[in-house]
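Structures follow.
You will see two complexes here that share chain A, one where it goes with chain B and one where it goes with chain C.
Let's turn to the complex of A and B:
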């Protein structure tokens, strides 16, 4: 009797929950209008940087006029919580149930690769922005994925080449000991080698290390011109703070792998003052339309956009433009319109979509973090100090390991 | 007479439960979500064997789930693209891992047992994290294919759902058989009073080890199916948060009931998916629900069903 009751109970709850979920789900929409989706981290560790990409995409659609192929452009977004498995499931939902034509963003490399695979399976477009892995335009590339924004090769190579030319050729590196750090190190080393520099030493440091003093001391003893810190987040802050405490900055310039305005805001301008890094974009950019976009953003959110917001805006705009040029929203003609296309917008001036590996390339900016006394307006944390041409900053054609394949 | 009437009822309810699970993917927001619920239902059920029936709070079950997923994935990607051998390899390797971890950790009980299992699971996690060549490291094991089995085209989400459902129903049947057998009764006895069970003459450690391996077997199966579902294996499948998740599902559902964890998985995954579409603070709401469960009704969803609907005799 007891067992029977249990089974009955299971049934009741099953029915109730299923009923509720069926009610909540909106009825299916006609597949006709162009539908854009943003899949990003809105509640995980990157949320502070990426959550507003949703607003950036909305703005891009509004600025485009909101209409395409005679119908209103539709928009949805999903939170992938910075979990690759959730991203993968949400991508399926977006492509299958929501019938979106394109998914934009998706920070976290594992998530980016997983969604890219779903894009290939579903034969729909995907524009990764926040995931930097070069596999997206190397071994795992395919027709349906367009890598917007940046990749790890570009971050390391652009900063490396510029630093070797302008800051000095004797380097020391401290690397976070996992795949991302290793891949950056490899590219930094190659950049240095191509400029005839020497690497005095490298330390592999476990992720989450809090005491960097032994490595900083080793670096100081080597007496380099440049210290390259290949870490991010908390590790980046800790290692930089300790380098400051040891007075390393008086003699040595520091290069970082990745900079965000939100990162500087969080720890204050003193920590990263006078450090360098490569950036795809910064809100003082003079690209066409950039200042209008920034003003609009400032008014809405009372802070300037970061480069991921700008990249999202750009990706959505260029996708919609491509659909307009193709006159149809089917994946194949739109992809053909995107491949090899050159454009100028807020994010890239000019930007070029490489047909060989689907990387959107543009000249890379080198930025320097301002000292406290140099900062005249809120959030103006960086200064443009140089740029590296798209040709040098990205993998040479034929060296990417990408075999594009068919549709 | 009563017996035959009851078995008739039982057959009716069981067949309607099966019917409902057949219709389930059409009731969830999207098919892949239904499959995910099934996978975690299986995982939670296998965990309940250890927690609910044997009273062992393992905090390292992600290890068996993840090892099953990685083994199945690696078999499909690198060895031989055929589903059944890959799943078989997954359950074998995860059972062996359970034998290894279980053999070394069942000597301890209570918090020590929990900590030892957690430590082993983290060891597996960091091995996968570092062994990039085999597992893909941080990027996860990408590009797991779903080769067809004869006429079964598993690339279709709905076919895959029924494929997973088959294994889940099979596992629940076996699980029910296990807990209702003398072996299962012995487990419950040692959960209630280990010393007394021992004094009757049972080899307690042997029972604990066997149930741990059975649980590892089904966790590995769930992991293997997860790899198929996702087309890749996320590194997080080995992480302690996955162990935590299955503990929560089991407790919210009602431990020691086998069906409770299935409901827990259903409720938590469905709610998380729906709430996270509306608010970024979904974690907060899930936390409140969990606190409510722990404070308000310790027996989980199953106990509410029993109490409110007065189904219990």
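Let's turn to the complex of A and C:
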């Protein structure tokens, strides 16, 4: 027995010494690795568009080299099913238990606001992409949230300014009757007003309305140059299908609030042919590295990425770059490296992170949905027709309602 | 507001009403004859649209084939559902039936979402019905006129079938007293299967007809279902004529409401229903037997 005790004693001493020496010799190894999380909708209504953001983030980490501050970058993802309460819970878990340094994405504005609040409480970073509410970089802004993909102001203002300049100044709007629709309408109206146009009429339509023909007829009756459809998903398809049916497009151009390649694929190119909208990015983009990213994506999924995928890739890349520049993963130095930073990547060329409200801004693209006979390549549903400068497309400094505050 | 605009809007109400008629006919027949409140009716309607999509995209690219075989397939599917599931519910309290049909609705929606995705599928107006016709006072899309005609013919057919044929007489007799019909040597279970298949077939037809003018998604039945219950309540539970007139009334109320003040359009039908029930608690043509 005594012999065993001796061996055991030696072992303990050996372990203690080696442990202490490891702590003294290489403190960097003992620090936690950088951990990135994607929180997105993988089974709810937006899953068809956002689920692959997980792959985009993974790809960004691989392309970055997989290592940062001498350790492997860790990655986790969670599904919030498009529910704000689930998003809130998952964000809390990710920050507290999983000890992640940053959460990326989170479609659905209510969910985005909940996660942003968790980021503030835990003093960790959050990069909303899928949620478009301007509150994230307005009244609810704070140091830890960086709004990456787009916001509702930009969607409405960019499309609105361009349409008033290029399509006509007499508009009619059909608006989905909830917070998102109202906010878009306000911004579209302002854009039109600033260009001296007139709004001939607007109809607020209940969410989930299936027959839009009475509204379409009202709109046609007003004889506008442009019809603006401020709705999305099922409502967007129904209203457009029925506008086509009544031959509205023979005289009137249609503008949509949101356009996705998956949406065109689902209902076929005939429905949206020749309609316009604003988009932060499209897969034919010539930004640095964009075509390499697209080729890689095509090979993997047999379809091109949508702009949310590209935005996720960009957000992860720019976060990792910022940690690299800071040389430490603590929130404060990383945030200071991000604020006011200008960069060029697949998503933004150039992109600028505004220090006043943490909005990543870049020029907005205006796209037109191609007609069936124009589509030469699978999934090539859009054509770039113009762009609106970042300065015009986003809220002017001082008008955002954001009071950034400290750390 | 021009007279032409009001005329067009009246016409629009008729179209919307037509879809309500087709859906609530099936709902009403099933409720009237079998006593089943079918919450899955909207889901069957959705399946009808997907059946049409599957036929035109994968089997035979022709709308007319889908138009004929889509509803027939849905009718057969409905009959099969009756034999395997609904038959077991007739003797149970209504709560079980509601729970079951509600669950069935969700199951159908999720199955479709798993197969076809949540974004919907494409469906275009058939070439021969594209464009508009001049009705003298206005141009109107051909396809919508076709929809009205089909609804009118179907309603007439169902009414003739139930009131003029021997089988129709048996169905009506079975509704009033199924034990007596059984005792007279008639196979009542075959009749219930037929009735259920007919109701679902009509829902399927509505789905096929609506596919070209609406987004075909797994949730398309949800929006219509509640409105259809309003139609059935206004028209009188279990009444064919009630469904037809109720459907057209609801369609017109919505269309007129939109013309006057859109935010109230969808609420108007509930206000109308409440007011109407105060005057006629059984609806337009409701029979006493159902309200005991």
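The definition used in the following text is that the second predicted complex is superposed on the first by the 376 of 407 C-alpha atoms of A that agree within 3 Å, B and C clash if a C-alpha of one lies under 4 Å from a C-alpha of the other, contacts with A are read in each partner's own complex, and residues count from 1 in each chain.
Methods note: contacts are C-beta pairs under 8 Å (C-beta built on N, C-alpha and C of every residue); 3 or more make two chains touch, one makes a residue touch a chain.
Remember, predicted model here, so these are calculated numbers, not experimental data.
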{"item": "Which of chain B and chain C A:47 touches, first, second, both or neither", "value": "both"}
{"item": "Which superposed partner A:114 touches (first chain B, second chain C, both, neither)", "value": "first"}
{"item": "Partner chain(s) touched by A:140 [first = chain B, second = chain C, both, neither]", "value": "first"}
{"item": "Touched partner set for A:84, first chain B, second chain C, both or neither", "value": "first"}
{"item": "Of chain B and chain C, the chain that contacts the larger number of chain A residues", "value": "B"}
{"item": "Shared contact residues on chain A - chain B and chain C", "value": "47"}
{"item": "Residues of chain C defined as touching chain A within the complex", "value": "2, 5, 8-9, 12, 15-16, 19, 117-125, 131-132, 139, 141, 143-144, 212-215, 217, 219-220, 222-224, 254-255, 258-259, 262-263, 265-266"}
{"item": "Chain B partner contacts - residues on chain A that touch it in the complex", "value": "1-15, 17-19, 21-22, 24-25, 42-43, 47, 51, 78-79, 81, 83-85, 88-89, 92-93, 96-97, 109-110, 113-114, 117-118, 121, 133, 135, 140, 178-180"}
{"item": "Residues on chain A engaged by chain C in the complex (per definition of touch)", "value": "45, 47-49, 177, 203-206, 208-211, 213-215, 217-218, 221, 234, 237-238, 241-242, 245-247, 262-263, 265-268, 270-271"}
{"item": "Complex interface listing, chain B residues touching chain A", "value": "6, 9-10, 13-14, 16-17, 20, 24, 27-33, 36, 129-130, 132, 137-140, 142-143, 155, 157, 226, 230-232, 234-237, 257, 259, 262-263, 266-267, 270, 273-274, 276-277, 280-283, 301-302, 305-306, 309, 311-313"}
